[in-house]
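What follows are several structures.
There are two complexes below, and they share chain A, which is joined by chain B in the first and by chain C in the second.
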Partner chain A sequence: MADLPNTPLLDELEKGPWPSFVKEIKMAAKRNPMGADLLGQLEQSYREKIGHWKHGGIVGVFGYGGGVIGRYSDLPEKYPNISHFHTMRINQPAGWFYTSEALRKICDIWEKRGSGLTNMHGSTGDIILLGTKTDELEPVFSDLQKIDFDIGGSGSDLRTPSCCCGMARCEWACYDTMALTYDLTMHYQDELHRPAFPYKFKFKMSGCPNDCVASIARSDMSIIGNWRDEIQIDQDAVGEYADKGMDIQSDVISNCPGKCMEWDGKELHIDNSYCVHCMHCINVMSKALRPGKDRGATILIGSKAPIIEGAFLSSVLFPFIKIESPYDKIKDTVDKIWDIWSEEGKNRERVGEFIQRVGLGNFLDAIEVEPVAEMVAHPRENPYVFYEEFYEEDDGEEEEEG
Partner chain B sequence: MVDVMKDRRTDFGPPHYERFLPPIIKENYGKWKYHEVLKPGVMVHVSETDAKLYTIRAASGRLISIDKIRMFCDLADKYCDGFFRFTSRHNVEFLLSKKDNVNPLIEDLKEMGHPIGGIGNSITSIVHTQGWVHCHSAATDASGVVKCVMDDLIEYFTEMKLPGKLRIALACCLNMCGAVHCSDIAILGIHRRPPKIDHSRLRKMCEIPNTVASCPTAAIRPATVDGNPSVEVIEENCMFCANCFTVCPSMPLNDPLNDGISIWVGGKVSNARHEPMFSKLAIPFIPNNPPRWPEVTTAIRNIVELWAKNARKYERLGEWIERIGWPRFFKMTGIEFQKEHIDDFKHAGLTYKRSTHLTF
Partner chain C sequence: MAKPVEEVADAMFNMVKDAQGMKKLKPMDLTKAMIEFFGDEVDKKLCKLAIRELIESGRCVYTYFGGSFIELPHREGAAND
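Our next item is the complex of A and B:
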């Protein structure tokens, strides 16, 4: 074991009640010299207030175009053990459930062939194996495939789909998020592993409008569970909440954005035709209220972080569809979206930006989806309409003849 | 190479999740009826079959060693038949069918230095990025700032004394791998100087048309420098997004003197009550001050405590600000409203105040 470098600044981050990443790096450094050099370089970054990683470098494993992020130190002579320090993205099991047996096997591989450092997990959802050398990439993949773990996405490809825990541990899941995530991941293996898009494309599956995976903010296609019939009410349980001190009027009714609830002190009435499915009443009275029985999802499209045209939230594509295997409607739509976007999209243009450039109306034409009022917050305010249909002088006569 | 290519397969995908579900979850899949938060970091889900599943949520630093994962594995073996999971915000969760195991497991986790909490009206772990630990474009560190902020706000993780949920996220540059733009509080690393062009390397490393096209404000144009093809930057048009750097490694923006942190507030992704919202700029710039970033932790605590003291029950930070109005937010927090707060990108006019609905 190499001696640890002197790191007075980082040592400050071993103090305090929150788990310390410095302690984690020091633990890894006990078994692998990469950790010691990482500490040395990071201490230098803390001293100089600047990072010391070079930009990119293309590395990968045979047959895959993504999933490995090349990373090189810009001080390789000083920190030779992290001169290469590549990241591997490993496709997580849906819902991030594990057995200790499976994770121990990953740890064994990463002890032998990498730095011993990980992210559980990356922002997109993958298991991140942080730091290995170019020579070890193929052997890591070889070892991982023996325990059935495959590589995730990176670059201009389908990024690793991810989801909330859904029906596995949540009463609000309006569809089986884990089943859909697994199915889409398997169906689109080629798109996941070989970048062929203008830019990245993300799916995120949330089981209900609480959206625990932030699908509406950071996925090109957001599939958010919803229902279209009546909220299930257990009036006795509502009464219990009131008896235990909940102020139904102020805590529940006055927070309802649809203003569709009334409470007369005995019974809760909901005019479901005005319910906007926000989840607040269900969240605060989970014993008394449940989503309806006619469940499915709202499909939204186009969210992303700011680069390049600004941050977007996803907007409605299908107000409600049933989510049932083999998910043909989703796959047909996705295929059409990818066709037009791959053909017409500019380099580094996300689907949301593409839609804004060509217009949602034109985009809908291209993917053969009819416009509906649920797709907009309100109709246009400006009169600059690209009318495509108009009368010709003899239109009427032709119609009469026909 | 021969050895690793033997029996090689590709595109087999992740292992099926069913292999990792504990029996109680398999038996009650889709049958959960309701849940209750029993105490900070502990909840119980009750099934239509009357089965009860106890979840214990503990903080985890996201950047963890295999040693720590093995320790989690040991705990899972000891208390919950080897099953556990991670959340979308980097917490670790243990799933117990035996209630008697709840408190012993909590004690073991605390002993290991992993606080219990992050459920209900609390601050849960901070979604964050790589920072100086592993990224070339970071304008600040990620893990270090997160550690400092959560050390300071720990009481709001381990207790449930806030009006509603508060979600913090950190991205170490505008690429926002952490997609922080819809967080109650977003900590965002920013550059403030234009790219420094390395003309000698640019010729070899970058495609000039791609580099020019990458700029959202058309501030980059082709130029001949010392007789060689390169690019030039119209500096007054540069807004430091670093998209050019992503496309062309010879245009770094990193600058220790001018890189730092901006703070954004009032975003949310949940549809509960108010529709999802973007975070808005609260503090345009705080210099990097490692290792403890005291100006950042103080600024965030100030915002959190004002909201906690003044918001109505369930009101998220953005909902509270919308009710009281932004002028009052700036007055109450003592944050000076400056030119930088006014949007000047596309559709900026939509963010101007276009009514007389003002409070005095």
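Our next item is the complex of A and C:
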């Protein structure tokens, strides 16, 4: 075991009851010399307030254009064990379900061929294996293939699709998020491994509007479970909540953003035509209320974190569609979106930025989708589609004359 | 008639070789150039196959510099020995 460097600043991050990455790196350092050098370089970065990583170069294994993020220390003489410290993104199973045996096998490979440090999971959803040398990339890939794991996406490609645990564990799931995620991952293997887009493209699947994977903020295409009929109400169970002391008026009715609920002390009424499907009432009275029976998803497009332009939230593309295998409508639309965006998009322009540049109307024309009133940025706000057919030529002349 | 994949891959390779060190090319740059050059003897699908052939033969590699590009294999400035 390598001697651990003196790290007074990092040691501060071990204090308190919460998990500490410093503690974990120190544990890994007992088995692998990369850990000690990593602590040393990190302490130096904290002291100097300067990062000491260089990026670039390697992007994948042979034949792949994504899944590896090349990283080198700019102090290789001082920290030789992390001279190379590449990250590998590994495609996680849909919903992040593993057997402990599968996890052990991944860890065994990484202890043998990498630093032993992992990040379960990265913000992309992948299993992140932190720190290995260039020479170990192909052997890791080959070992992972033997246990049926593949590398995920990075760079200007389809990023590894990810989803909430959906129907496997959650009663609110309005469609099978895991089945759709698996299907899209397998269908778009070429786009996942061979970058061909102007920039990254992410799918995230949430089973209901609670949106546990934050797809509305973090994916170019957000597929969020939804229903189009009426919220199911069990009036007896509502009564039980009231009997047990829940203040239904203030905790549920007053917080309904659709202002569409009424409670007369005996019965709960919902005017579903005004419900914005926020899930608040269902979350609060989970025994009494459930999403409707006619279930599917709302598909939204265009969110991203603030890198080039500011942060965007996705906006509605399809207010409601049924989500059924083989998911042809989704795939047809995705293919058309990729076609126009790949051809006309600028380098490093996310699809949301592209739509903003060319205008949603033109974008919809290109992907052959009819505009509908629900294509809004926020509920009941700003339908920013220009309905040419309702615009009379005379209107403009009259305005000018007036 | 459609061009053979190898011929398109060769044309792409020459383009990458000529641009090396001066301009980084994205897969779509290659595809657009091939469609312009060969006209309706190629399409996007064929270009995709040609890019795959280019990478899997080891003649070109994917690189990343803010976005993904296709270049000749070379040692990156950032790489340590």
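By our rule, the second predicted complex is superposed on the first by the 375 of 402 C-alpha atoms of A that agree within 3 Å, B and C clash if a C-alpha of one lies under 4 Å from a C-alpha of the other, contacts with A are read in each partner's own complex, and residues count from 1 in each chain.
Quick note on the criterion: a residue touches a chain if its C-beta (ideal position, glycine included) is under 8 Å from a C-beta of that chain, and two chains touch if they have at least 3 such contacts.
Nothing here was measured: the structure is a model prediction, and the numbers come from that model.
After overlaying the two complexes on the shared chain, residue contacts for A:Ala214 are found with chain B alone; chain C is out of touch. Look at A:Glu368: by the touch rule set out above, it reaches neither chain B nor chain C.
Between chain B and chain C, B touches the greater number of residues of chain A.
Applying the stated contact rule after C-alpha superposition, one finds that A:Pro139 touches chain B and leaves chain C untouched. Of the two partner chains placed by the overlay, only chain B lies in contact with A:Leu38; chain C stays clear of it.
Of the two partner chains placed around the shared chain by superposition, chain B and chain C are both touched by A:Asn347. Applying the stated contact rule after C-alpha superposition, one finds that A:Pro195 touches chain C and leaves chain B untouched.
After overlaying the two complexes on the shared chain, residue contacts for A:Ala311 are found with chain B alone; chain C is out of touch.
After overlaying the two complexes on the shared chain, residue contacts for A:Asp264 are found with neither chain B nor chain C.
Contacts of A:Met279 after superposition on the shared chain: chain B is touched, whereas chain C is not.
Where the contact sets of chain A with chain B and with chain C meet, they give residues 54-56, 62-64, 190, 347-348. Those residues of chain C whose C-beta lies close enough to touch chain A in the complex are 26-28, 32, 44, 48, 51-52, 55-56, 58, 61-68, 75-81. For chain B in complex with chain A, the residues that touch the partner chain are 1, 3-5, 8-17, 19-21, 25, 29-30, 32-36, 45, 53, 55, 59-70, 72-74, 76-77, 82-88, 90, 92, 95, 113-115, 127, 129-138, 141, 143-144, 146-148, 150-151, 154, 171, 174-182, 210, 213-214, 216, 241, 243, 245-247, 249, 252, 254-257, 259, 267, 269-276, 278, 288, 290-292, 313-314, 345-347. Residues 9-10, 12-13, 15-21, 23-25, 27-28, 38, 42, 45-46, 48-56, 62-64, 71, 85, 87, 91-104, 106-107, 110-111, 116-123, 125, 130-131, 138-139, 141-142, 145, 148-150, 162, 164-165, 167-171, 173, 176, 178, 182, 185-186, 189-190, 193, 209-218, 250-251, 255, 257, 276-280, 283-284, 286-287, 290, 305-311, 313, 346-348 of chain A are the ones that touch chain B when the two sit in their complex. Chain A makes touch with chain C in their complex at residues 54-60, 62-66, 70, 72-73, 76, 83-84, 134, 154-157, 190, 194-196, 198-199, 339, 342-343, 347-348.
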